[in-house]
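The structure under discussion is supplied below as structure tokens; questions concerning it will follow.
Chain lettering (A, B, C and D) follows the sequence in which the chains are written, and residue indices restart at 1 in each chain.
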Amino acid sequence: MKKFLNDPVNFVDEMLEGIYGAHKELTYVADDKRCMVTAKPKAGKVGIATGGGSGHLPLFLGYVGDGMLDGAAVGGVFQSPSAEQMYQVTKQIDQGAGVLFIYGNYSGDIINFDMAAELADLDGIQVKQVVGNDDVASSVVGEEHKRRGVAGIFFVYKAAGAAAAEGLSLDEVTRIADKARSRTRTMGVALSSCVVPEIGHATFSIGEDEMEIGMGIHGEPGISRKKLAPADKVIDEMMERIFAETDYKQDDNVAVLVNGLGGTPLEELYILFRRVAQLLDQRGVKAKHVWVGEFATSMEMAGASVSVLHLDEELDRLVAAPANTPFFKHCILR
Amino acid sequence: MKKFLNDPVNFVDEMLEGIYGAHKELTYVADDKRCMVTAKPKAGKVGIATGGGSGHLPLFLGYVGDGMLDGAAVGGVFQSPSAEQMYQVTKQIDQGAGVLFIYGNYSGDIINFDMAAELADLDGIQVKQVVGNDDVASSVVGEEHKRRGVAGIFFVYKAAGAAAAEGLSLDEVTRIADKARSRTRTMGVALSSCVVPEIGHATFSIGEDEMEIGMGIHGEPGISRKKLAPADKVIDEMMERIFAETDYKQDDNVAVLVNGLGGTPLEELYILFRRVAQLLDQRGVKAKHVWVGEFATSMEMAGASVSVLHLDEELDRLVAAPANTPFFKHCILR
Amino acid sequence: MDAIKASDLIRLFETWQSLFAEQRDFLISLDGKVGDSDLGITMSKAFAAAAEVVAAEGEGAGISKLLRTAGATMARTAPSTMGTLTATGFLRASKATEGADVLGTGEAAAFWRAFRDGVAERGKAKLGDKTLLDVLDPIAVALETAAGSGEPLAKALAAASDAAERALEATKSMLAQHGKAAAFQEKTIGLQDAGATVGYFLVRSMAEFADS
Amino acid sequence: MDAIKASDLIRLFETWQSLFAEQRDFLISLDGKVGDSDLGITMSKAFAAAAEVVAAEGEGAGISKLLRTAGATMARTAPSTMGTLTATGFLRASKATEGADVLGTGEAAAFWRAFRDGVAERGKAKLGDKTLLDVLDPIAVALETAAGSGEPLAKALAAASDAAERALEATKSMLAQHGKAAAFQEKTIGLQDAGATVGYFLVRSMAEFADS
């Protein structure tokens, strides 16, 4: 294990200390660093909370800030935070307009967020939930509810965050989040494993010349393991899966997110995007908003994912709205 | 070699195609994708050009945009761009107020930028040069002119870019760039090698439990190779070198950049920053502006660097000014 | 022993703590086959924390209160799927043993019935879905039967442990429907479920404890 | 041969092209020891491109024009330190051979003198700094001496090649002062300089060419 760390047991808490030190616009409640909230709550706004395991930066907490989220419960590496932590975040960010939970479809998180929603309900806080399930590789069409949530949750945060910033109601923000969720598809590919600090060795092994298409962000198995193909071929195979279950029409607009899993250089992500753009072009689909970088990682895992959000007019506007969080900034200066 | 690529020979050009596809605010001149310029030139402003080898994204081209740079000549992986390409960029971005070259202290780049400056001079374009040499590990005090330029060049871009955006003259922008340069110190540490696509194997080898303190971003040797120490110890050793040659006083302000070399997860960078903040704190020095992330990489190399800019009032203002480039955004939304 | 007293319960948590410390690596590798390798870590953490707080609280608190403290502590320290389900189990067992001074066969049956129901409600799994529930149910059923026929505690728990062992074996032929393992589909066939293994460990070690 | 004609020069570039294609891996590993491993790539690219353009341009262009095309092409295709220095060398050699129909000993001396001066000016290295310049200088000096005493081209180039070989050997004891190698300090002692190796390869292969 080749990591910059002290005692692996303190990995998450020391990371959080670093984050609070660097980003004064973030703070925490309940005397628990893992209950992160924005330092600048906006009166009357619908609160949006997320949460999940650590090891995925900038996911999840990195999107707490203007125009996106209001709080995040932070778990151990690849571990759900506790219901108690989610509840504390929820209490803090409720501004009387209710709270929307947006998180990924993993049993640990669901069980805990459900418990947190029950606790908040006892306090009279209205809570809604939208559970990201964008990973096409993790279950077949018709069984979408079994799909894992991966990088595409970024689009759900972005659309819902912008809607909440516009002052929409909890029902409206939930409707929009759910629309963004249902119109987002992601395919991923992994080239190498990550190492959970407290475990100290690779989560899975993969041959020096192999890739796994569809692998999950905790190393969950994908669709096929095969010899690493040229970048264009990898994208062709991934995009084929996405195209197979979407009904993009000529001149439709999409937003594209090419996400690095952590160990893959930015240069390669642009080589991948180049091919994504070509394929969209061939279908007459316009990549109206494009982000390339690390948005949802698995620590040092090498690999990438492509997420596509099928825009409509409303999502187009919301995705393009300004945002300013420690890890994601979208601004127009002139 | 485990990379997403097609023919390694096309690595840089395909990367650039991806970048132009994703970022419409960038364009190029001379019918050469490697001559990158902003699509939104600002009349009368001092132009700032940079350039250098590929493989360091977001360096160099990633900082072309509002409040920072106006153009970048893009070389092959770890290769200088040509004098001709630098000259073409220079011609395009000159708005009559002259052009400042800011680049790193590497012989290939110097030789070519010198040649480009000569060519521009023949056209009557006023050119000044500031050569980044922040890497403390690469030469001793008194021989600073031999030091390599690494991640700290970010601060030079930021300060000079803000000064140019304020409408200052070429002399003033140059003075500020040079001041930021002379007040910036960087120390790096590498844990693993990168792979140059056309070479196909690791540039250097390093033991499974080793680190190299002071290693350069092309794999140039550092100060010492030893067993990987706990994160805090690594930072202690790095910061000691920086403290040894700076004269921070109680209540002085600094800007800090904790930079990942590519393969190191963001989580670990924050663990490193945590210790940097503690050490600054112990000296009563305030980390007034902090950035943590990937700012100057070596493709998949695992490792990190810490850059510290000793602020004065002027640099404080300029570093905090807004910027909006494809890879670096600094914005205040409310 | 005929019945587990509050002071025994504190020692039982110690036993569980060492059990999961010992089984840490085994559970990591078991969960690693079709999951994310965390189970050994979460379980050893959860029971270490629980053992510590119940010891600190002391026997004076009584059975129900100790179980509640254990459950709440687990929920905080190990909020993974299994951590939260196990925590829910102990919290429900606490409710079910309110007022009980000791755990005899009847109280043990109530304990495990409540534990099972809590896990079923929170996790929404069905029997046969290859989860913890698939061993909790036979444990509860075996203890209810034993309680009905007035079996002594040690014997009742031994029967429950045997039932759990068989049930764990039976999970091998099931197809995982929940959690990270569900992604592995057919590959889960032939493997015993990791969470069910934890359930079996819990009851076996409780049976051995009662027998000592 | 007594003199290198424009048509010969085109073939000489072909020879250099295959030389650097062959030596690609050797130069990569040489530069890798105390540098960044790119030298084999840049030199093979530079000479492949140069050989192609001079062949396309054809002998009609004449010696000086061919050298100029070669230099300009190299500057574009291989703008590394050595690429740009070599390009500068050829551009200066082009200037120095303006009007010459062939390269006899006198013109070869002018060629290499200009090459050396160009590299010295652009790179600002001093003799003994462990660079390309440390072989270029003895090459130029040897050719000037040979021209002074009226030696035939093949013999003059052979002497220059020998001088270069000795000079290359001598770089082993020098401490690198420029480029990426400078960082390696003492570690560069004992190693021959990579750029100087290229200089030696160039003249040796030119000598062999003239001797054939």
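What we mean here is this: a residue touches a chain if its C-beta (ideal position, glycine included) is under 8 Å from a C-beta of that chain, and two chains touch if they have at least 3 such contacts.
Predicted model, so just to flag it, every value in this text is computed and none were measured.
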| item | value |
| --- | --- |
| Separation of mean Cα positions, chain B and chain A [Å, integer] | 29 |
| Distance between chain centroids, defined by C-alpha means - chain B, chain D (Å) | 33 |
| Distance from chain C to chain B - Cα centre to Cα centre, in angstrom | 55 |
| Chain contact graph, described as a line, ring, star, complete graph or other shape | line |
| Every chain pair in contact, whichever chains are involved | A-B, A-C, B-D |
| Interfacial residue positions of chain A with respect to chain B in the complex | 2-7, 11, 14-19, 21-23, 40, 54-55, 57-58, 66-67, 191-192, 208-209, 228, 230-232, 234, 262-274, 277, 287, 290-292, 294, 297, 299-300, 302, 304, 322-324, 329-334 |
| Complex interface listing, chain D residues touching chain B | 28, 32, 34, 36-38, 41-42, 75-76, 78-81, 83-85, 122-123, 178-180, 182-184, 187 |
| Residues of chain A touching chain C in the complex | 75, 78-85, 106-108, 111-112, 114-115, 138, 146, 148, 196, 198-199, 203-204, 216, 218-221 |
